[in-house]
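Think of it as A, B and C in the order they're written, each chain with its own count starting at 1.
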Amino acid sequence: MFIKNAWYVAAWGNEIGRHLTQRWITGEPLVMFRTEAGEVAVLEDRCAHRRASLSKGNLVGDAVQCGYHGITFDCSGKCTHIPGQDKIPPAMQVRRYPVIEKWKWIWVWMGDPDKADESLLPEFQYNDMPGWLATGGCLKVDANYQLLTDNLLDLTHETYVHGKTIGNSAIVETPMEYRVEGNEVHVQRIMRNTPPPPLFKKVRGFTGNIDRWQVIRFQMPANVSIDARGYPAGIDDLEQGMRWFSINSITPIDERSSLYFWTITRCFALDDDNLTQMINDQILKTFLEDVEVLEAQQQLIETDTRANPDISIRADSGAISARRIVQRLAEADAVQAQPVEASVN
Amino acid sequence: MFIKNAWYVAAWGNEIGRHLTQRWITGEPLVMFRTEAGEVAVLEDRCAHRRASLSKGNLVGDAVQCGYHGITFDCSGKCTHIPGQDKIPPAMQVRRYPVIEKWKWIWVWMGDPDKADESLLPEFQYNDMPGWLATGGCLKVDANYQLLTDNLLDLTHETYVHGKTIGNSAIVETPMEYRVEGNEVHVQRIMRNTPPPPLFKKVRGFTGNIDRWQVIRFQMPANVSIDARGYPAGIDDLEQGMRWFSINSITPIDERSSLYFWTITRCFALDDDNLTQMINDQILKTFLEDVEVLEAQQQLIETDTRANPDISIRADSGAISARRIVQRLAEADAVQAQPVEASVN
Amino acid sequence: MFIKNAWYVAAWGNEIGRHLTQRWITGEPLVMFRTEAGEVAVLEDRCAHRRASLSKGNLVGDAVQCGYHGITFDCSGKCTHIPGQDKIPPAMQVRRYPVIEKWKWIWVWMGDPDKADESLLPEFQYNDMPGWLATGGCLKVDANYQLLTDNLLDLTHETYVHGKTIGNSAIVETPMEYRVEGNEVHVQRIMRNTPPPPLFKKVRGFTGNIDRWQVIRFQMPANVSIDARGYPAGIDDLEQGMRWFSINSITPIDERSSLYFWTITRCFALDDDNLTQMINDQILKTFLEDVEVLEAQQQLIETDTRANPDISIRADSGAISARRIVQRLAEADAVQAQPVEASVN
């Protein structure tokens, strides 16, 4: 179940250049490249002729030449040349996907191109903002994308999964507040006078307790940002504390595997390259702990034959709300994708 | 097709300790551990909350703490703690499986716990009896468990598969006797004045012919013991001969893979460690010959599209009887597992 | 979808000897061997008893002894021995497949043995003819067999896939002629005064332009020969030019994988072993380029959910005709294989 009328991250901007890159999103194969002018173009990676993989062909100017029989498609998906014949059948075209490059990532619209709407991008401006520095990566995870958004919306798991880096018992002991606003879900925990988790100590050298904020925001289809702050307890001063955003966008490859695009973007010690590298290493290690849990969970869900298996707790409220939003929007997309029945009488 | 109301070997006793061990039986994931008192506990290895793998969590006292959000289950499967809330929903529990540790193995009851009945254990006392010494192991086999019991119930295959260790032409030339008693099948061959197979020569140094006994006993669901004896021909004297039991319990992982627990337990030369090692090596080699045959057979059965493929011979009688017993009991279990229909009128 | 009443290449003749060889054709497992008289015999590779793999057993004289319980089948598939019993049930037999060894290859008839008809062999005599020398091999390809015959029937792909060996732009620029004759398809291109492709230069040292012929012939079920000729432009003289046949037979393993048997057989410089080796190397490299394209195409077809996906062009005419022939014959086979309904009244 996927929302089709939505933007998904297909790649980091610097992955896409004057070459052909294949990637699968919501079960569809895409071929991506930059035009000579530097714009990103995204087409279906199945030749309209005999379904060869266009990404194994050649980029010729701003067009893709299929590597099998040489049929050529421009960056709008229109066929511009068929070897050995002049007439081009109108159906000879491949699907073009709307694309936006923004905040360091390439965003692809998987639904009706006429509905593509830049205002539906999640607000991830901190990935690329003066005074902020982002470090991050992309992980392939063999689990449904909603298991990843569940994970990010309930940070009590940090206590149990990530005790070596960002978790400690303060999180689970602090009640969560949450609210739904339109297609967004907000979850927050403010932990007063609490010991800093190991990574916070390393990053900012806290010696005593801190006030710690986690402000989580879900934006459809599968974007979760976390505004994380830590200050010496009682002293609300950024100079003595830290603040970063953990910015996460999950792209479904198909129903059982996902790409996990992530950054940590911070507004302090921007010139400290060692710190940047250390944060990247520690967060990557942290996410790999999640991957192990999530891939085992995926396997146990797939093999489960019970009728109504999950029992929820209070901490699930945010994740449940986000799933409701996704289900509602995905069902609306599916209805619109149905052919309209001719009305009789 | 599995008998659920039955005991299956889940592990050797010495595999289970103060740590969490995962194993799959009849398609269900189990987590196993020893309590502080040394008892073995077996729970479903799917957290009732979001189906994380409990075996990736922590053993805390006699309880399992899920490694994802920290929900804790005691060794009866009851939830004892939910982080961040006091109220525990009654449905928050995981299935507990009855378990018996006996004769060096851990036996798990996969059906209705109220029906768990120790008297249904197979009689495998020779695995752990004064005056006897057992050596053995466990093999994973990519074949249905009944292909393994078929194999053990028709030892004519020793002639063709195991000519280097325990087989020779005497077996296939000697008629088999068999009888069914309740849920047991007994098959036996007594070979008089026959050349010893290679392994018997190595073990006991026979120079001339022997009288050789094979007394096979099938006990449901998938247990086969073989009382094997060899004496110098005409001399029924253990001091000059050998006797051992080959004890085998097949545990279905699912419909197409199995765990094969096995021992050879003997009542002679108990102090001879080299002999113990040699027997273990030779029998393991022998069983790996079976594994190759059985895995190929499994593949050919799965790809077969013919309607009624198997043609039976006289030597199959024991295996066919055992399959009838399994089918009858498995169907009875399936009927009992159906929800009772409300009678109308 | 397979034509069953047809000959498929199962092996090179020199692969089959006094040992048992397994191979799968149209989803069926075969065991092959030579009798003491040197004839090739082909049986179903599933023992009629318990479906063990006969190819893991032993060849005893002209019979196959199953490696599991020793039941023996002669080279007609008739059971000749059951260990431990004298009576042989009439159903205890395995299917025999008609076989012809011709033109260096072993041909097996996968349909009704009574319909086996040597005149339905493709005319591949150039593989084994005085004055001609064949070099070749066999590749496993993870793609449906018809993707391979499509490939061979539209050589415009040489321009794009094989520019380093046998392709150049002349092919795609020259119109193709084609005609259907019964169950055969003929496609040809005659390219006048055209630059030779790289491999032709290497093989024959052409310095100027050539006249190049490609005469393609499809014979059911999946045989394609290409009569390829090149002469100095305007000079129709074999002494100064080259001619070879590319002979190809595709054997479906199942619906998604195939064996690709191929030769290049030439009528010039027969004693030049270096040339033979060079041609073999270059053609193998060329076919491995096809394999990469075809395996990606197979994956994209399997994952495609669109209703009517392929758009055809003029160059597809030959391949489309060949597919129509295969479909017609396969459907006729399927109808004949149905049990006849009793006519009522």
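We adopt the following convention: a residue touches a chain if its C-beta (ideal position, glycine included) is under 8 Å from a C-beta of that chain, and two chains touch if they have at least 3 such contacts.
Heads up on the chains, UniProt names are A, B, C = Aromatic ring-hydroxylating dioxygenase subunit alpha.
Note that the structure is predicted; figures quoted are calculated from it, not measured.
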item: Copy-to-copy rotation for subunit A and subunit C - C-alpha atoms, rounded to a multiple of 5°; value: 120
item: Shared interface numbering between subunit B and subunit A [over half = same, under half = different]; value: different
item: Rounded Å distance between subunit A and subunit B, as computed from the means of their C-alpha atoms; value: 47
item: Subunit C, residues touching no fewer than two other chains; value: none
item: Residue ranges of subunit B touching subunit C (in the complex, touch as defined); value: 150, 154, 156-157, 159-161, 172-173, 175-176, 292-293, 296-297, 300-301, 303-305, 309-316
item: Touching residues (chain side subunit B, partner subunit A) in the complex; value: 27, 29, 45-46, 48-53, 56-57, 65-71, 82-85, 89, 91-92
